[in-house]
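What follows is a set of structures to go through.
Note that chain A is present in both complexes that follow, paired respectively with chain B and with chain C.
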Partner chain A sequence: MKSELLAVVIICAAANPLPAQTAWKTPKTPWGDPDLQGVWPSSSMLMTPLERDPKLGARNVLTDQEYRVKAMMSKVIKNGLEGATPSPRVNIGAGWADYGVPDRQASLVIDPPDGRIPPLTPEAQQREALRLSHYKVKHNAPDTWEDLTMWERCISLGVVGSVLPLVYNHGNQIVQSPGYVVFRNEMVHEARIIPVNGAKHIAPAIRQYMGDSIGHWEGSTLVVETTNFNGKAVIGMGGGFEGAGTLPTESLQITERFNRTDERTIAYRATIEDPNTWTKPWTIEFPLRKDDSYNTLYEYACHEGNIFMYDVLSGARAQEKPDEGAAAK
Partner chain B sequence: MKSTRSTFLIASLTLAIAQAHHSFEAEFDIKKPVALHGIVTQMEWINPHAWIHIDVKGDDGKVVSWMVETGSPNILLRRGFTKKSLEPGTEIIVQGYRAKNGQNKANGGKVTFKDGRSLFLGGSNPDDPDKNRTGSR
Partner chain C sequence: MPGRLQKCIFVLLSAGIIAAANRTDVSKLPRTAGGKPDLNGIWQTITTANWDIQDHGAQAGPFFQLGAIGAVPPGQGIVEGNEIPYLPQAALKKKENLANRWKADPELKCYMPGVPRATYLPYPFQIIQSQKDILIVYEYATTNRPINMAKPQEAVVDSWMGTSNGRWEGDTLVVDVTGFNDQTWFDRAGNFHSDALQVTERYTPIDANTINYQATITDPKVFSRPWRISLPLYRVRDTNARLLEFKCVEFSEEFLYGNLRKGPANSEK
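Our next item is the complex of A and B:
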């Protein structure tokens, strides 16, 4: 118990809020752009929910006591998966989750100030109620692959979902060249090549899961505006897994801001706007932090071995068959 | 007290990690737990989840091949799990749940080696198959 508490104290001491932005001068690339390059996992936010506990109101920083509980949860979870006893072999359970030092931030949503996603429009409420009622019935016994989420289908988590911390594959990488920034996400193997050279958006008729991103610099901050969405990628955790999140329309616009606040931190912000879905725009923000134990992204060729898809469809068909044993009695 | 709290928290976690790409309930049957004692023939390093292949000898002496689901190869590798970590010929016992389609596939919950060392296999099952185990083992 003592060692557990000691670990929590150490974790508490190691966790830092976002550093003051004024103390940091962003380095430049050889061609003069702010240098954001590197691997920036979101692991430290794994234990931070998208929406804030209503009890916290407008407060988005946990108290010492609240943070101790969060850190304890994180440690127990990690030990539970990895096993408490050192082993000559690495524990396979570790293969199910990334870990990071938990953060004091109480929710990923920072605006509205209460950390809660704004209400849906009346039309979106009807639309989503219909979608979710179908999902509730079908997601564990699907008639077709189309009853499953874009994540389960290995298609995409979309612009926001690809960055949100979610169990594993939290890696993000930024690579720059003159006129372009590449933002790569490990989860479902995404890479956006973002022009920062004054390029215009593609034609409105072209619609894509990841939309079309155009960037520009505001001081040392990269601002990326993405449009041309196809309205098929849920905004929320896990690409709609277990009914989480909301399906937007093609009117969706996302504005991201990447502000490197120190050598090892980028403050990532995304404002989500779709007047056909939410009654007002809302914003998430969280730090992407360098992690010496997470400095490589591996390929996630998700469909390679998506045996789940075969199993779940054949499993649903098997469940539909009458119980032969019972029928014989 | 510690045991109760730890068990609760770990159970909460396993619910959380059920969000590991897909739903446990969609693929596996919580009403059909299995305990497989067999020999590793292959560890298949594929996305989104790696699979362990084992040969299981039944009471009648007949050998049946099973597949056991694990986590993502990306994280297995990141945690230091290599192709040598579970080599063919290793004798293991796997506790998990059988696939709903009735095939010889299971979601791995825990692996025990011949010498008694035990490992979580992770798995997307929503419970800890060995809830009484806490601390050292």
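Our next item is the complex of A and C:
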């Protein structure tokens, strides 16, 4: 009981970094910047959805009862994954996927206060409806690779997709040098170099999947503003997998805050705004927690091993041949 | 006839002059708070080695439509002594690779380039030297590789960029890279290796803006003895220098999957 209460206190503290964290003092690098270095997987938040269950309203902390249900679900998923039998085609069985730890936080979206992503602008609604109807028709029988998502093509999950919890290879690492912070994301091997030396954004003519990031320190918090997006990376879980998420435009801006609240936690926050897509800005926040069993990022050679692409495209071509379908019967 | 002492002084002076010409005034090297040379910055090579690490003259390119843009520029190689000591079978394989280079070079496919090719690809890279480990981020394909400066770690799995363990020998950063797969090439001329490849890199700064780079290549399945490349790395000094995004997967997809698109491949249109 006592330990449960303690866990609740810790988790609530992690879910809300705004109250003064007086005991903890962020260490400094030899050159005087706050030291955020280490491996910070997002796996612990896998059980927490991006958007909140509407029934919870403005409450982002689960009750004991709700928490127990979440913990039970977590256990079921964990047992399922650990008991999985290897598939003969792809030799992965148990152990490849993570399942997170149950957390009191009800949703990753913390603003708007109801934890729901704001409505799209009328223009964006039309645009996205068109994109998703194309996705539904083409995704399972793609004419080309362009009918598949940027994740499936191993191009990029974008800034937000790269840090949101994923079931595997969702390690993040921070490495610093004088004037720079690098945020590495294991999946699709991103290494976003963030100058904190007063550099200005690159010219507007240069557009990038991961945008152009410039950072500065506010106390011991790293604040990163990212612009120059190419509008080709979906914002949502899994880079648009299963039709999730929304494709923003080039006017997207993301403001992130990395606040190390104790030795083992960074409170990560990202405010997403694109007046051409959402009717107002919205913010996600969740802890990136150190995990002693997850202290290395492996080389995620995604494109290099993308046999999925050959399988899906050749499958789609085979289905177009009526003879083969008949012969199979 | 000069006396012994004069001879001695002459030798010492000459040695000093040579040292000054070839080496560094180490007192002027930028240094970290820990006293090690500070290698932080954006670097790039000036070389045609990515076309061929050995001496090569200018040649026509494979696509006449590209005219002079597509031609192979001439260059003096970066291999010390210019000879690559292939074993007989491997020498045949190299020839075959060269013949197939417009189809088989992993660079065409936007695959991670391996080491040392990542260094002399015609793209900049940035060294992020923290107080502990070092990270190198290459512009090409957003490839990046951590260099572990703590207790050496064995490669747990083969990979494209290998497993890097670094240490300082005086002012030289020495990096042992092991655990490679056999998928990368050294250049567009088909020079290659097996999964037994081991690379030892030496980064020796000679002034604030130049690093002498050497890499010793050992691969007993392919070469009869170790061999070495060397070339300088130059600091990119443009005031607005930044590593940009070269996510080349999109540029390789028609090449890789064009025969699987609906309708004729673009190449057949």
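One rule holds in what follows: the second predicted complex is superposed on the first by the 290 of 329 C-alpha atoms of A that agree within 3 Å, B and C clash if a C-alpha of one lies under 4 Å from a C-alpha of the other, contacts with A are read in each partner's own complex, and residues count from 1 in each chain.
Methods note: contacts are C-beta pairs under 8 Å (C-beta built on N, C-alpha and C of every residue); 3 or more make two chains touch, one makes a residue touch a chain.
On a predicted model such as this, the values are computed, not experimentally measured, just so you know.
Looking at the shared chain after the overlay, A:298 reaches both chain B and chain C.
Once chain A of one complex is fitted onto chain A of the other, the partner contacts of A:136 are absent, as it touches neither chain B nor chain C. In the superposition on chain A, contact is made by A:316 with both chain B and chain C. Touch criterion met: A:177 reaches chain C, while chain B stays clear of it. Applying the stated contact rule after C-alpha superposition, one finds that A:206 touches chain C and leaves chain B untouched. In the superposed model, A:193 lies in contact with chain C only, and not with chain B.
Of the two partner chains placed by the overlay, neither chain B nor chain C lies in contact with A:280.
By the touch criterion defined above, A:168 lies against chain B but remains apart from chain C after alignment on the C-alpha atoms of chain A.
More chain A residues lie in contact with B than with the other chain of the pair chain B and chain C.
Looking at the shared chain after the overlay, A:73 reaches chain B, while chain C stays out of its contact range.
The contact surfaces that chain B and chain C form on chain A in the two complexes overlap at residues 154, 298-299, 301, 303-304, 314, 316-317.
By the touch rule above, chain B contacts chain A in their complex via residues 2, 5-6, 9-10, 12-14, 16-23, 25-27, 29, 44, 46-51, 67, 69-81, 85-86, 99-103, 105, 108, 111, 117-124, 128, 135-137.
In the complex of the two chains, the chain C residues touching chain A come out as 32-34, 40, 109-112, 126-133, 135, 137, 142-146, 157, 159-161, 183, 240, 242-245, 247, 249-250, 252-253, 256-257, 260-263. The touching residues of chain A, when paired with chain C in their complex, are 29-31, 37, 143-145, 153-156, 173, 175-180, 182, 184, 189-191, 193, 195, 199-200, 202, 206, 208-210, 212, 297-299, 301, 303-304, 309-310, 313-314, 316-317, 320.
Residues 1, 72-73, 76-77, 80-85, 87, 89-98, 139-142, 148, 151-152, 154, 166-169, 186, 237-238, 241-242, 293-294, 296, 298-308, 311-312, 314-319 of chain A touch chain B in their complex.
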